[in-house]
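Chain nomenclature is as follows: A, B, C and D, assigned in order of appearance, with residue numbering initiated at 1 for each chain independently.
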Amino acid sequence: MSAATTTSTKGRVLLAYSGGLDTSCILAWLIEQGYEVMCYMANVGQEEDFDAAVIKAKGCGATKVFVEDLQREFVEELIYPAVQANTIYEGVYLLGTSLARPVIARRQVRFELAYYALKPDIKVIAPWRVPEFYERFAGRKDLLAFAEEKNIPVVQTAAKPWSTDENLFHISYEAGILEDPDVTPPKDMWKLTVDPEDAPNTPERITIEFTQGKPTKVINTTHGNKEVTGGLEIFLYLNQLARQNGIGRLDIVENRFIGIKSRGCYETPAGTILRVAHMDLEGLTLDRQVRNLRDQFVTPQYSNILYNGMYFSPEAEFLLSSIAASQKTVNGEVRLKLYKGNVIVEGRSSKTNNLYDMEESSMDVQGGFSPLDSEGFIKIQSIRLKKWGLNQKFV
Amino acid sequence: MSAATTTSTKGRVLLAYSGGLDTSCILAWLIEQGYEVMCYMANVGQEEDFDAAVIKAKGCGATKVFVEDLQREFVEELIYPAVQANTIYEGVYLLGTSLARPVIARRQVRFELAYYALKPDIKVIAPWRVPEFYERFAGRKDLLAFAEEKNIPVVQTAAKPWSTDENLFHISYEAGILEDPDVTPPKDMWKLTVDPEDAPNTPERITIEFTQGKPTKVINTTHGNKEVTGGLEIFLYLNQLARQNGIGRLDIVENRFIGIKSRGCYETPAGTILRVAHMDLEGLTLDRQVRNLRDQFVTPQYSNILYNGMYFSPEAEFLLSSIAASQKTVNGEVRLKLYKGNVIVEGRSSKTNNLYDMEESSMDVQGGFSPLDSEGFIKIQSIRLKKWGLNQKFV
Amino acid sequence: MSAATTTSTKGRVLLAYSGGLDTSCILAWLIEQGYEVMCYMANVGQEEDFDAAVIKAKGCGATKVFVEDLQREFVEELIYPAVQANTIYEGVYLLGTSLARPVIARRQVRFELAYYALKPDIKVIAPWRVPEFYERFAGRKDLLAFAEEKNIPVVQTAAKPWSTDENLFHISYEAGILEDPDVTPPKDMWKLTVDPEDAPNTPERITIEFTQGKPTKVINTTHGNKEVTGGLEIFLYLNQLARQNGIGRLDIVENRFIGIKSRGCYETPAGTILRVAHMDLEGLTLDRQVRNLRDQFVTPQYSNILYNGMYFSPEAEFLLSSIAASQKTVNGEVRLKLYKGNVIVEGRSSKTNNLYDMEESSMDVQGGFSPLDSEGFIKIQSIRLKKWGLNQKFV
Amino acid sequence: MSAATTTSTKGRVLLAYSGGLDTSCILAWLIEQGYEVMCYMANVGQEEDFDAAVIKAKGCGATKVFVEDLQREFVEELIYPAVQANTIYEGVYLLGTSLARPVIARRQVRFELAYYALKPDIKVIAPWRVPEFYERFAGRKDLLAFAEEKNIPVVQTAAKPWSTDENLFHISYEAGILEDPDVTPPKDMWKLTVDPEDAPNTPERITIEFTQGKPTKVINTTHGNKEVTGGLEIFLYLNQLARQNGIGRLDIVENRFIGIKSRGCYETPAGTILRVAHMDLEGLTLDRQVRNLRDQFVTPQYSNILYNGMYFSPEAEFLLSSIAASQKTVNGEVRLKLYKGNVIVEGRSSKTNNLYDMEESSMDVQGGFSPLDSEGFIKIQSIRLKKWGLNQKFV
């Protein structure tokens, strides 16, 4: 995506630049079309040599390259609300690409506005939807040929026959050999996490503390009770532990927004740990009915909204207010064991929460209600069922 | 639960007998109260010495003991529809106790009807809700004392300070030392599965074939392509593999029907494998919108219905018809790797299904629609958002 | 309901007194049981001679009678949030009894606390659930006999063979001759509204102004542009107009919380007008997706919560925050014609809202998107359907 | 919409012809473009002089005109399932245009297939999306000019400044002077129903019998117990009665599929009566939980699917199976009074249904459960709320 301005031959363009084949070709092509191009690179935690990318962009003809670190904003404003909501798409995918998109889009707009002054009706050039561009570049082959012609260095080789999208939350792999959903991804594809089979034979134990559903501290009880605090710092530390212990791999066929089925592989290290821990703590600290309403109405809808790229919408704003409202009581600690791909809950506690009552859930002592109460409860529940049962033949 | 009849002093009673402390005491107490007691034992796959239990029941005074094998019915009529629906409670619990209950209840009624003739208004004695019983037996201690008095052999000892409920789908552990949700279950509690840390260092690979969402074949590609067919046989075989590989452990705090929070630990070996495999195959074979409707409306509702003991209800009947309707296209095979607690999908395929289209999901070739179509799609999607955005300040 | 205290023989009791047969008998019975009884009457707009009721209560032996006007609180804190949410039970019933209950319960508790000092563990005596009471008074007949014995004046006569519950939002009729769901309610049963057949032959026109989904002004354009403002005043004025024009009658069979079906007749005059007007204004001013999410997830759940008496619950609190969040843009005016039972919308407008765009919705001018955009939109929508259609035979 | 074939200069085209300005111009334009045009007119109950339309089409140059009566199919296959599901869009619109569309589309395809032989990849020409067409005809003015040039008789005059779409279920009015949502529709716009103010002063009483949620008989008890049976016949008779009594008008602002808000006026005579009657009978005959599940999950989803033109989709097929499953017990009769725009329920009964129990819903006799049961029911319900309440300050 690139935003056209009006001060050059054809104007000045701000290009969201990734350093990869696609945006490098777009950069060269825009210059060929007569635009002045400035590049904007968002650092959302992808493992990238930003210095090299700046050199590459300038080599392709960019007049300026801006790199901005959005990692903390990404973690605190997009990822943690998603952890609070237990967002998940089609029961399995943790939405890593979708979560990064709004941060990049918002900052890109802010950046441009700051540079050129307030401009409400920004015009977007999407080269993949411009006939001159997409008719010339029908596929990867054409891009590779153009890159060679323009002396654009290409990292992507035949050895990595797939596409990736990376940020600090996840990396995705798709296309190429992965298009056959029955082809097992090669062992060397997975970049972030070690293979569970190669992970340490000794488990690692940690405690995660949550405040209103967001992680506020991690303690590594295996390694000297090392403590980590700070939104971004916690996330990066959990990423490190999860990657070492082979946690967060996923291989699925998913349904794209436009209705096409597509195969994708993902690594989501810290996100996988946080999901397990947060859901466990909700068991201890969240009211049953609030959880039930949130699970049925907020989680799937908010997940779909993210997946469909509708983060900037009235419906997302509406649901985000519900997410916050649901997390007031989600305070406490979860103790976890990380071992060869597994995230195993070993215990949980909450100092401020009194919804769990050891006495009451005990089977040794009658807590709060007598057996006669159960009798009444069941009898009234069954009035409707008895009537219905008279017309049925189960036996 | 026991059903009273009217041919003895106080009548004849059919007792659903488990062989454990509770029902053995109830048996002895019913006899003490003047009833003739016949015992009914349902074999739902719990690891139990049924011969010993028969001897024990007769030793307590039962005039007859009937043992019935319900394993196939349990797997085919309760478990597999739950697999089709991806039923899960509060995002984690696979409902093992809830699934067995309807099979036992239905057979018990059928059995009794067959024995005594048709009896529509069956009267149920629930000793735990009869004052004479529950006032005498306020807790486990009183039961143990009564057992000693009546010479009832007690397996449960101080060495196992928790309660269990077992069937071929799962075993649950609760109460006792588990009441403190921050106490890690002792290593020797887990009965069905090996500890992931002790599971084999070499993974095992299997292929599961599904027909309309139900498993119809398992092939073990690691061990000589051993094939297993038959509903019950497949389930028992998957149980064996999962148990060897440390698959299916769970430790949670859940919300009971009556609103109390309770800590439970579970092992659900085969159920855990089948859930992963079935959901993966749905990615390949189920329409996006049908999946979405089923996920939001059928799965959570049916899971709640099972958990709340409402299987015999018009709402369950209503939802079961939807579950079947959703699974027509869920046909194909999933290839899995089982390794130290992990169930890893390595590939999936479907001969009869054409919703996935390699060409179309490819990024090299434009499939089915042109970039201009995307432009129009996005432009129309954005009409509403632009209007809304004019009133917002994101930047 | 009555709350026992501990300063008399058996203690002092605060009785929620209605002036009717039931609570008068309970009052007399509590005194007979040895309690000192003080009465609390909540004025929620029922058409009642409160002075006469005070005399009656004292005549029955009450030591004090407190009457409190809760009308404004009822309208502003319970009714208007329900208007905002379009609450409705089973598609027809506007929840009049359910809405009044929380106001009365909350005030009764506040009142008592203020009188005797802070008392967290209030004990509730519910005579209908106390064996000594309910065994003595099995039905209406026994109450009538007791009333005669105690010289309690009884308004209810054979001429009104049904029960009512009234407040400023509605009146309900049930039981007696209404128990046969095929008996048409007699013309003289309906108390609040004139029969539509007897309503004026000339319609009345009004304009209702809403601010964030709550009514803030009514103008009667038929009668000299009379203006009414103020939450309670608006509601009472709409009640008057609706009653004159035969608006708000309902006759249904509903499903009670406990699962029993029950026939009820209702008059909800102002509530019926406000529902029509509010839903109409949302058409003009509320975003499509927010409306859709609210309609599916908030409205039915909040309606059920109210019906089931769960207003004081975490789930109600959770949903109420959503209701407020949904109404920010619901500002504007609706013009209505009231005529013989009909509430007819004649127009609506909003000065602050720009979601409706005359240009855009015009068929004469292409607004915001070209026909080619439609083509792309439809083409992408249809990818999934074409694939599915290949396997179907519609023709 | 018109489907191109390949046997003429530019081929032969089958045009879905309405007789109105738009399709007459399209017809003339297609001929101008070199196509041979055959016309297909679907009779879905619109009040149309089909003979005159045939003459008009031939006058415009059509080589053949086929008129097909789809009324019965429309009523029985589209309308009655919608009645069963209580379909409604945004709480008010009964979906008349959406319901007719699938019948016309399906028949048109069938018709063409029958005529030319099986043709799976039918190509659709949508003139409004073809640049040559839409650039020439930017609005109504251009169409009128073209009509004059081609001697196409135009019924539409300045006196009717709006568009309509009509079938036996409804008529819609939009555009023109209606684009201002605050303009009251002129009295002479409404075509199907008399103004409630002009409707008879004497009400009309009817009884509608339903079988599994579909109307199977109507008896007019006011006029000599006239009986009508047969799906189409019942619908047409109810239309007649509703139109005479001013029933079924609606004036709304709705949200279009593409996100635009649009003002529409509608008359849906019989549909309005059937909705009231069917929902009332469900009160008597449908289980509470089935109704609740259906209301939350099936009705809104199916209504949206219809509105969005997704009738031929896997999700519609999925939901339709649920609709049928929900209606098994919806059998019985509803007695209605029709009066000046009002549909008033006067009673309902069901011979085959036993969910309603007069005894049980009586307040004179305790039915099925004792007050102590209520006590237990409430006590258990309140365990969760008490815990939560300890942390709240309501008072």
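Heads up, the rule we're going with is that a contact is a pair of C-beta atoms (placed from the backbone, for glycine too) under 8 Å apart; a residue touches a chain by one contact, two chains touch by 3 or more.
The structure displayed is predicted, hence computed values, not measured ones.
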Self-contact between copies subunit B and subunit C, residue sets same or different by half: same
Result of counting contacting C-beta pairs for A-B and B-D, higher pair: A-B
CA centroid of subunit B to CA centroid of subunit D, Å: 44
Between subunit A and subunit B, centroid-to-centroid distance (C-alpha), Å: 31
Per-residue overlap in subunit A, given as positions that touch at least 2 other chains: 258-260, 287-289, 292, 296, 313-314, 355, 357, 360, 368-370, 372, 374-375, 377, 380-381, 383-385, 388, 390
Complex interface listing, subunit B residues touching subunit D: 258-260, 287, 289-290, 292-294, 296-298, 301, 313-315, 318-319, 321-322, 325-326, 380-381, 383-385
Interface residues, subunit B side, partner subunit A - complex: 86, 90-92, 106, 109-110, 113, 120, 126, 128-131, 134, 138-141, 163, 174-175, 179-184, 196-197, 201, 203, 249, 251-256, 258-263, 279-280, 283-284, 288, 291-292, 295-296, 300, 304, 310, 312-314, 335, 339-342, 344-349, 355-358, 360-372, 374-375, 377, 385, 388-390, 392, 394-395
Residues of subunit A that touch subunit D when the two form their complex: 287-289, 354-355, 357, 360, 368-370, 372-377, 379-381, 383-384, 386-388, 390-391
